[in-house]
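You will see two complexes here that share chain A, one where it goes with chain B and one where it goes with chain C.
Up next is the complex of A and B:
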């Protein structure tokens, strides 16, 4: 049994999984799923798609040159079965994997190292350019108060209109500007009433 | 996506892959062979006007010249300007056959260096012009073609003179 690598995303392709394309020069292309196969048929470049391993390696997102990565290889030299050799190999495999994971972790940490400072610097710059962001709460409160005041005004106006209708029908004939003036007067009166 | 069409991507209509084209373009022998193919009645333009980067046959020299100025051809040249993606890279990305992949990268760099050094020769071979089909079949070069050749030779002389001076 051999576990192949997907030609497109480098994921392991186990037996009975995925699909294989054989080109007319007898080159094999194995794909882990239809997504990869379709992308291949569309002639996409795996190096330019962010979800492939090839992109991550080419763009420096992952560890590329490392001694732990050089062990897994097809050697094309037959080796006679040897129980001790198998035992040591298995032992070495787990140990190498351990080391690789550690290095991978260290690489990731190193890659992310400057990010906090960078983010902080970016935020500082943003606040410098938009100082009102710092007083956001004040602005919110002010806007809320304004909204409330506007609502109250509207309520009062409605009341006035109804009272106006009751008072006289002649006013309807008057021009809008005059009506507004009257409204303002009534408003003032109402306010005075409330104060008193 | 405007360019997407399922029919185009059927394996039946699969055209030559970019890594093979890269191989085609990386040795003088293969370029000469592809540019001077034997007359084939089944192919467009009797297989005489071939664009190697696009793996395409053309009717005559005029259409081939037009094609080399077009967007598709230029896009293809851009694709060919980087190392072609192969299965080796996919394997190396998951940590298998890493050394082999690194070797192939070295080879690629050497090849590119060689190409750069012999840039003029390669360009000449790739961009060589051909006579019309009548002339090719009869073996008698047409007058227009002779004129063009003479002009080109003349220009070359001028360029050489200017370089000398």
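Up next is the complex of A and C:
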């Protein structure tokens, strides 16, 4: 039993999974799922599809050249079973995997370096270009703050009925907001009329 | 090679030939010359006539020459047959005469065409043509006798039996009236005349029959009289040729009863005189009419004579009676067998055929390279192996012995792992993991893995020391300004997205009617709301709105119109003007002129309509299949590609 590689996307194909196509020159093609099989039948180029390992490697998104990757290989000379050798191999495998993951992480970090500054530069530019939107944002924020304050006031009202001085000020605010609400309702009605 | 000549075209007599050719010329060439014709045209007219006539004769003659067989090309049997029947020389001379006539006529045509080229007048040309046709007619008329002869030959040739000289053939020969035709009637379906007088059969007759699924032909020949070949008549010569030329089995028929009118002695003598023809052929002597008299009943003198027949090697004697159909089939079968064996022998005799096969066979015998002895290699272990003996108590233990010890077939299962060749025998039954963490263990299995791993560890240490894994720690503590910028940018992006979406929704026409933009009424409040949202001050707007209601500013043409005194309501109501002219009244100043123009057009159309002709108002397509309208693929669904 072996874990094979998908011919299209290079994903591992476990026993009892996937499908195999044998061409009339006896070359075997194993696929991890129907998606890969279909793509193969449609003669798609795995190097041009972003979701395949082939693309990621070709585009420099994945660790390609590394000493940890040289350990696994199909050898043409068969190796006789040796208990000690297998024991060391099993230990080595886990160690190699650990190192590989570490290096991959380092690779990823190296690849992503500098993105932050770039993003910040973009953001700065965006803000510079759209002052009018920022004004809208301010209005929105102001509105939000007002609503929040109103809510808090209402809460306080329920709690502190005695404090009259504050009430008068609050009432002014409330009346304003109420008037606004009425306005909006009328607006909506008008809109409906025009639609109809 | 051609064996029968049934489809030779008929040969007309010379007069018929003339009629046919001249008639054809008259029919196929122009006949009238009109007064105004130029001399060149007249010359061409007559030249054509002469040429055409000559061609007609030429065609006819080639047909005749081509139709008859060339006497030198046919099989010798047919050649001799035709020679006796039609006289070879006569036949050749007749065909030669026809051929000569053809060349003569061609020559005449050529000569007179040359003369016609320089004909001065109509009369001269006409006379030249007459002379030419006259000479051709004379040449043809001289062919009278050959043509008549050829027609007779044609008819006779067509009736000749189709004899294939190369197939299996039985030739029946003998004195007249000995029963040859009745034998043919017995063995084939051929309906040959049988009469009790000599020379009933005057020519060759062919019958066919099957023996052993092979087709045979039996040829009945006319009777032969015993006299020198020079004195023989045509009828006899036919049989002689048949015997001489056909590769066959010859059945020599004899009548022992002498009812045919010829003595046994005469018949035996004939056999001996035509003996030279039997070379390389199988011959059988058939004693016919055995119902009347048998050999045993003959006197000794005759018996002696008959014995002399068998002196020729390969001759067999058989008895038969066609009258009682006794022994007929045996004779036939025997003859066929004899013929077949003879033919096979002849085939084998031909050295060319045998050599042909031998040439294709080649047996290769490789040469010895050197003197080194290369014997088969047998290992010592095998050589020293003791011979296995089942009765020997110390015999080798076989796998089947082990099987029987452990419960026999079906119970015992061979442990294949016993045969493993490992460093330590304890390992034989180990189970090795094949997959670990999604990796094939066997791919990593390598005798030098420990060393390689060590190298990897060293490299790792080095990298660590170099600071390869020191992350730049992106936690640079984003200060508030940066945070603020990010937030703002995020808000802007979101807003832009929502705006785009809203705009699309507004525009998308999902089965809704559209209100024209200028008909949509928007209240002041809406505008104020909008302005507030955008972030403008609305105070000043509110102040201004009160004044603006009464002041309506006019612009462009409206100002002019107002100055002229046209009411403002009219200005407002004016809709977009149709930008089209009235084509009916274009170019016509008034109604009277319009009606006059219509009248004129009507008169114009009248004649055309009377003749039911196509007018400019009719449906009309410029081409039968205008490319741009009819071309284009029809995909699935729509047939209208435009």
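The criterion applied here is as follows: the second predicted complex is superposed on the first by the 134 of 196 C-alpha atoms of A that agree within 3 Å, B and C clash if a C-alpha of one lies under 4 Å from a C-alpha of the other, contacts with A are read in each partner's own complex, and residues count from 1 in each chain.
Here, a contact is a pair of C-beta atoms (placed from the backbone, for glycine too) under 8 Å apart; a residue touches a chain by one contact, two chains touch by 3 or more.
This structure is a prediction, so every number in the text was calculated from the model and none was measured.
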Original post:
chain B versus chain C on the shared chain A, clash or fit?
Top reply: fit
Original post:
A:139 contacts which: chain B (first), chain C (second), both, neither?
Top reply: second
Original post:
Of the partners chain B and chain C, which touch A:72 in the superposed model: first, second, both, neither?
Top reply: both
Original post:
Who wins on chain A residues touched, chain B or chain C?
Top reply: C
**OP:** Kindly classify A:49 by the partners it touches after superposition: chain B alone (first), chain C alone (second), both, or neither?
**Re:** neither
Original post:
Is A:19 in contact with chain B, with chain C, with both, or with neither (first, second, both, neither)?
Top reply: neither
**OP:** For A:10, decide between first (touching chain B), second (touching chain C), both and neither.
**Re:** first
**OP:** Report for A:89: first if it touches chain B alone, second if chain C alone, otherwise both or neither.
**Re:** second
Original post:
Is A:1 contacted by the first partner chain B, the second partner chain C, both or neither?
Top reply: second
Original post:
After lining up the shared chain so the two structures overlap, which partner does A:102 touch, if you call chain B first and chain C second: first, second, both or neither?
Top reply: second
Subject >> Overlay on chain A, chain C to chain B nearest C-alpha distance, Å >> reply: 8
Original post:
On chain A, what residues does chain B touch that chain C touches as well?
Top reply: 12, 72-74
**OP:** Within their complex, state which residues of chain A touch chain C.
**Re:** 1-3, 12, 67-68, 71-75, 79-83, 85-86, 88-90, 92-97, 99, 102, 106, 109, 113, 116, 120, 122-124, 126-127, 130, 132-139, 183, 186-187, 190, 194
Subject >> chain B partner contacts - residues on chain A that touch it in the complex >> reply: 5-12, 21, 23, 25, 27-29, 38, 41-43, 45-47, 52-54, 56-57, 65, 69-70, 72-74, 100
Original post:
Which residues of chain B touch chain A in the complex?
Top reply: 4, 9-11, 14, 17-18, 20, 79, 85, 87, 89-100, 102
Original post:
Can you list the chain C residues touching chain A in their complex?
Top reply: 420-424, 427, 430, 432-447, 449-450, 452-453, 455-456, 459-460, 468-469, 471-472, 474, 482, 485-486, 488-489, 491-493, 495-496, 515, 520-521, 523, 525-526, 529, 532-535
